[in-house]
Amino acid sequence: MDLFLQLAATGLVVGSLYALCALGWGLIYGTTLHFHVAHGAVFTLAAYFAYAAQKFLGLPLALAVVAGVFAAALSGMLIDFLIYQPLERRGAIRTTLFIASLGLLTLIENLLAIIFTPDPLRMEVGWLADSVQLGPVFLTRLHLVSMATAILGFVALMAFLKYSLWGQAIRAVSSSPEMARTVGIDLRRVHLLTYAVGSAISAPAGILVAMDVGVEPYRGTTFVLLASVAVIMGGIGSIPGALLGALFLALLENIGVWKIPSEWQSTISFGVFLMFIVVRPRGFFGRKIQSAEI
Amino acid sequence: MAAEPAILCVEGLARSFGGIQAVEACTFDVQPGVITGLIGPNGAGKTTVFNLITGFLDADHGSIRLQGKELLGLSPHRVERLGVVRTFQHLRLWNKMSVLENVLLGCATPAGENVFSLFLRAGAVRAEETRARERAMEVLQFFGLADRVHELAEDLAYPEQKLLSMARIFATDAPVLLLDEPTSGLDSESLGRIVPMVRRLVDHGKTVLLIEHNMELISELSDQVVFLHQGRVLAAGPPAEITRDPALTEIYFGV
Amino acid sequence: MTAYLAHFLVMVAIYAILALSLNLLIGYSGIFSLAHAAIYGIGAYASALAALKLGLGFWGGLVVAAGAGAFASALVAIPSLRVAGDYYVVASFGLQVVVLAVFMNWTDLTNGHAGLPGIPRPKLFGWVIDQPFEYVFLAVAFAVLTWAVCWRLTNSAFGRVLQAIRDDEIAAQAMGKNVVLVKIVIACISSALGAMAGSLYAHYITYINPSSFSLHESIFIATLVILGGSERLAGPIVGAFLLLAIPEVLKFMAIPDTVAAPMRQIIYGALLIVFMLVRPEGILGRARHGR
């Protein structure tokens, strides 16, 4: 039982990280329909930025984190502005955009690998690394911070989307770009904003990993693709769905270890994903998949 | 009233989106061998009805029967196989393919499309392709596009693109043709090419159901008219009856 | 020098097969797969295991490989292609990850990281094909065969349907084409051919291990296809040739090994971005074939 609880706790911690990735990626995908795999490079970049800010600029941890988040928001916007929007202006089809995104992911990850070497680089976290015991479960303070960040991020994002003017504009575009255009919403600006917010909300995931086990250049690819699985399972266009999907996936992987050797974790996730799309392709809360606009 | 049974029977069709009822209790018959026009103001649900008939949308309730066979719940390609084929308001031509190729895709080439026979029955495949090309050329002649055979669909003038979208569905030999706004976007000169073409389709034994916006054209184009408003059938009958009804004209023009 | 050249040509031929087969998916059907390296690996392992454990020769292994590749592909294609293209991308990623996990962790079967050595060379009527230039002939012969199969597929009514699906899938459905079935069929054919390339590889190098079949490799193969373009069937072959030349060029530039690998990836990534911005129709525009 103790083992089960420990695995569940770890699952929640990992789930928090997946959730932050999924929230950001899901927001971007639901609003722009861009399969933005370069998102993996963006939050990895944020992590390296935070690491460098702490190590080379001597910034205190909190400021380094903020710097990382800003770096993510800026990178996300630049990618949309410099690559995706020009592609869309040229009438690119979605696969073209996906390929460009894949190219970006490859390019940025490998550039980081050359600059920082492929070895994991850990940030200094001081007392955050201390262990905390909750009943039979052992976690570090950092793990608790991760969970708190995910919850905060989720609540903040929901509030932003519901109550702020910009959030409502994003929701309008997400629900129907045509209608949004007719009521005078500037799609390009909303896209840029979506990228800024989406990248910013996922940045902490990369940075928390940098604080826990260290940042590596290539982990972003796996994370972003897991995020896309989480979003699909949760339902495209649903923010709570993305959160649920991420937690579900992480719990599945970590509790699965109880009975199934850990090397097979990824197999479990994708096996479940395949079954899911057979049985309920629209995910937990997604809109019903219908043929394209006819 | 009709001597023959209706070829297409729509009954109690209903479909809602979110909270909006796009189509409700929609019931009408399409008689074989004539042109039936589906008219109504904007947002009346005409394209939705087309999408429901052809399987691109699922209906909430109702029934659509083609010569007794139920079409509801079938996927679009199955609906076509059973004999109902459609054009699109936005044409949806295969722009990067040639005029000939667009029509060839409507011709029967089952052997060439089957991977096994493609490799194992080369002779049969070749014969079938030759026949298909002959048929495609006949269809293109019929539509007056024979001199455009190798041009890309996107390079055609708009009226010719409209003709091409009709040509390719005609090539399928399907008995029921659904034309989605065949006259939209055309000037009077081009109308002179398209409108007689629609009539010639029926002369060849086809049944045509078309969506038409222009009240003036409807009398010329259709033999029967179905008036749709807010997703319901308000009236059905000969065009003269419908166009002269003041209540309906009021609804149509929103006066 | 000649042995080096022979090796280069064999690898170009193998990658040409991989690129041609993936092109059927990406270029002709507009379906993006991240799993082609996994399929390549399935072919290699299936063929190697058939030889090592069942005593089948290269030719038997080839058939086993094709079957295994098609099967794995069908497993993923059938659920995901019914839904939408983006689902297939994610599902293919899943396949790639799972297959690699199997190669690395099912050690009883695959020997894990250590790999499988001692795979026999092909035999043709009792003659063992083990001289470098003999292998070049075999590999090139298979590449030509693959090219011929792809040509037949694309220059036919079936090829027309593929193009129609890529150009406007909705119109294809309205015209009676069973789009989902066609996509599944092409995915299986693409995988059968890709897996055969794996068999060719396994019996050439005579040793395989999981590291040759990673996600990076899938991206590399996709890059070959995308850059080479699918305007003509020669495109992927040109792509294979060019992209295999890049690492060789880098070798001559005396770049340290640790930097060379990521440097190659940076070049591939940059090329993908530039091509999409400047010449996307290299792959995703019309693939013109005979009229």
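Letters A, B and C name the chains as they come in the text, with residue numbers starting at 1 for each one.
One rule holds for everything that comes next: contacts are C-beta pairs under 8 Å (C-beta built on N, C-alpha and C of every residue); 3 or more make two chains touch, one makes a residue touch a chain.
As the structure is a prediction and not an experimental result, all values here were calculated from the model.
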Distance-maximising chain from subunit B - centres being C-alpha averages: A
Most extensive contact between chains (C-beta pair count): A-C
Averaged-CA centre spacing for the pair subunit C and subunit B, given as whole angstrom: 42
Rounded Å distance, subunit A centre to subunit B centre (Cα mean): 45
Whole-Å separation of chain centres (CA-atom averages), subunit A against subunit C: 30
Residues of subunit C engaged with two or more neighbouring chains: 170, 173
Two or more partner chains touched - positions in subunit A: 291, 294
Subunit B residues counted as touching two or more neighbouring chains: 56, 76, 88
Touching residues on subunit C, where the partner in the complex is subunit A: 26, 30, 32, 75-76, 79-80, 82-87, 89-91, 93-95, 97-98, 101-102, 104-105, 170, 173, 215, 219, 222, 226, 258-259, 262-263, 265-266, 268-273, 276-277, 280, 283-284
Partner subunit B, residues of subunit C touching it in the complex: 149, 152-153, 156-158, 160-161, 163-164, 167-168, 170-179, 185, 189, 285-286, 291
Footprint of subunit C on subunit A - complex, ascending: 35, 83, 86-87, 90, 92-100, 102-111, 113-114, 117-118, 221-222, 225, 228-229, 232, 261, 263-264, 266-267, 269-271, 273-275, 277-278, 281, 289, 291-292, 294
Complex contact set, residues of subunit B against subunit C: 54, 56, 75-77, 80-81, 85-86, 88, 92-98, 100-101, 104-106, 109, 111-115, 118-119, 125, 128-129, 132, 150, 168-169, 172
